[in-house]
Amino acid sequence: MPLDKNGIAQRIAKELEDGYYVNLGIGIPTLVANYIPEGISVEFQSENGILGMGPFPTEAEVDADLINAGKQTITSLPGAAFFDSANSFAMIRGQHVDMTVLGAMEVSEQGDIANWKIPGKMVKGMGGAMDLVASADNIIVAMMHTNREGESKLLKKCTLPLTGVRCVKKVVTNLAVMDIRDGAFVLRELAPGVSIEDVQQATEGTLVIEGDVPVMDL
Amino acid sequence: MPLDKNGIAQRIAKELEDGYYVNLGIGIPTLVANYIPEGISVEFQSENGILGMGPFPTEAEVDADLINAGKQTITSLPGAAFFDSANSFAMIRGQHVDMTVLGAMEVSEQGDIANWKIPGKMVKGMGGAMDLVASADNIIVAMMHTNREGESKLLKKCTLPLTGVRCVKKVVTNLAVMDIRDGAFVLRELAPGVSIEDVQQATEGTLVIEGDVPVMDL
Amino acid sequence: MIRKVVKDAETAVTGLKDNMTLMLGGFGLCGIPENSIAAIRETGVKGLTCISNNAGVDDFGLGLLLQTQQIKKMISSYVGENDLFEKLMLSGELEVELIPQGTLAERCRAAGAGIPAFYTPAGYGTEVALGKEVRWFKGKPHILEHAFEADFAFVKAWKGDEAGNLIFKGTARNFNPMMAMAGKITVAEVEELVPAGELDPNFIHTPGIFVQRIFEGKAYEKRIEQRTVRQAG
Amino acid sequence: MIRKVVKDAETAVTGLKDNMTLMLGGFGLCGIPENSIAAIRETGVKGLTCISNNAGVDDFGLGLLLQTQQIKKMISSYVGENDLFEKLMLSGELEVELIPQGTLAERCRAAGAGIPAFYTPAGYGTEVALGKEVRWFKGKPHILEHAFEADFAFVKAWKGDEAGNLIFKGTARNFNPMMAMAGKITVAEVEELVPAGELDPNFIHTPGIFVQRIFEGKAYEKRIEQRTVRQAG
């Protein structure tokens, strides 16, 4: 059975390592914070100016001056710090953030990503996504393997305007975990109950299968 | 009678305007702070990270963590702010400082300045001088008109390694006040008891005299 | 100490003219100069270019200047939550330039810091890079970006003093400090204006040298876009 | 919260090797990492390139590493007050690169901020510009300067917490925040180390993300180079 959004988040959370600073995009990535493995400490950065982001506030704690990049009200944890946007993107461009998780409309086998613009539709903007993907060494894309029309989102070449080129290293979808290497998606793990053929069928880009492919350990 | 160092500082202080942020170099420029005209407010910036620099401390006030760019102990005034060196030079390069006063070994009729290096002698470094002269719109040089050997320091062309090119707009010496314009020193004011001939004799660069030259009003 | 205090928002926008370029602090509706925006609307100036990370919502923030069609062009990173914006943009009445958020922040800082241009990896290989110089550093492509210019910057702080020193609160800091550095005239509105000497000089976010005018704002609404709460206990 | 605490200076310099490039905070002797310098001396590593605004005095600050000839090259803006320095430099035992102070600060910040290069007017037309690209912006010449690289940065703060957040005091801040951003490994020594949560997140000068190791230093001498006083009263 393919994963749901929470399952994808849960799998990505296993990529967290002790001491990581992490930037989570809007959507599925946000859910990753709910699955931090036991015994490790990570800190969440939000690009509007906080490190050490905590859970959503109680009604009594709500503060209009304390939001995340999705404009949701948040709290701060002990050891938190606030800073301005220039300093925030200094952290991002300067590769001080250890892991970046974000959603995508399309990913190519070269590691290109498109997630900000659909020609003919209202364009809201790239926000911090272009800075994030151009800078981070460790970018994980969290998304469904196919779009609502059932078309693959893992392509030979992106059809939508790009957010960044050759930057995505790992993709976690409802079907599988894949690394991107040498112009191909390398299948690493399968979602429980999903077959290699399922993934092949849902992947338009080059899919490489090396040896046995384990089932995700969630 | 030519001015002494205090006289030069006193004359330069008359260039201060209400609301000016001012950076004073080491030596004669430092003395300018003693002659702020009545009724105007100015603030002194020191490039090591303070705005709103106050007088030297009393023995009881001495704080090793509070010094000026000359490494002297100082105090801060109400309304002061501390900041880091990047922000400090943002103020300087970004032309937020309204007036910069610094000393020089040589100034050319083009507005070039040399004040950091004498070939063959120990070179201590330019410190912030190159940033200051390259950035400021309003640079006043405070110096003696001639060196210890009696040679002019106002030259057609600097002989020493430059600190900046075409940047000095005004020179105040023990003999005169001069603007630098169109490749010449334009004589504006004479020190009390100093003649135009005195200035001509002490100036190797082109000296332009336009109409009557008043005596400095100190 | 140099006094920067003006009596109200109306006075603070003196000199604002048609077709000027403005920077406005804030992220979403957090930390926006509410009083200044109201005063800009009152002046009726037209043809503004506004540099601001977002464009407000229909009836708040920069949405108020969109209603009156005072804005000719928006330079932003994300302009989501605004129906009127979409309508004006699609009809061609509003020009929009979208810029990566970090580049937006850095171009503001560069403007204030006397850095005319810098290289950044953000946007390489995308339409953001079109027409821009590409240069490789350490095996990685970068594009050349230039400092902005702004006639006015409007920022909002938590506390300020008569000398123009500012302190921001929480994530309401965001773009305000860099924009304060960048404005030819920077207007700061603050929730609380105190005499010089009351703020600790060690904890000033924006030194007064960057601020030309300061006033205490009134009746801050501080609207929340996405009120998200958890159950207590 | 990510813990960064190490027990002492000796532990903090683990991994330091011959021929590495180091950044060291401070202006003159103000805000220098005294404990780290002592520990670096103890390691005996040689061939260091040190990026620091100044080079200490004969018997304090970086002068201590000059005594032991552990420094191969200094990158500074001003190296005045040091007889030993002069001797080593004139004899060719010490290489020196002098850089305008603002450029030094900005090259540190650029390193930490992922900006590989930027244009600055400082040094145009001087020997500092030799071999560098010149470009004109708005009628004014600028030169291209590159970000530094540093294996270690050693900074000194007033207070710090277990998460690596730092607060500096007065003008002891100077180069410390930018260098903290720039080190591959940044070691912060602080006068007072407190638990996470004790520092107000609104008034952190250097967020912990920039700091890899932190310890409470001992026996700060905080020597004053130019004690200058006025008469009380």
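Each chain carries a letter (A, B, C and D) given by its place in the written order, and its residues are counted from 1.
The rule we apply is simple: a residue touches a chain if its C-beta (ideal position, glycine included) is under 8 Å from a C-beta of that chain, and two chains touch if they have at least 3 such contacts.
This structure is a prediction, so every number in the text was calculated from the model and none was measured.
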| item | value |
| --- | --- |
| Chain whose average C-alpha position is farthest from chain C's own | B |
| Mean-CA-position distance for chain D and chain A (Å) | 36 |
| For chain A paired with chain B, centre-to-centre distance based on mean C-alpha positions, whole Å | 55 |
| Chain centre separation (chain C, chain D; CA means) in Å | 32 |
| Per-residue overlap in chain B, given as positions that touch at least 2 other chains | 50, 76, 82-83, 86, 89, 92-93, 135 |
| For chain D, residues that touch 2 or more chains besides their own | 106, 109, 113-115, 120-121, 168-170, 202 |
| Pairs of chains satisfying the touch condition | A-C, A-D, B-C, B-D, C-D |
| In the complex with chain D, residue positions of chain B that touch it | 46-50, 55-60, 62-74, 76, 82-86, 88-89, 92-93, 112, 122-131, 134-135, 161-166 |
| Touch list for chain B against partner chain C, complex | 18-21, 41-43, 45, 50-52, 76-83, 86-87, 89-97, 135 |
| Residues of chain D defined as touching chain A within the complex | 1-3, 109, 111-115, 161-163, 165, 181, 195-197, 201-202, 204, 207-210 |
| Sites on chain C touched by chain A in the complex | 27-31, 53, 76-80, 86, 89-90, 98, 100-106, 108-109, 120-128, 158, 168-178, 205, 222-232 |
| Contact set on chain C toward chain D in their complex | 106, 110, 113-121, 135, 137-138, 140, 142, 146, 167-170, 202-203 |
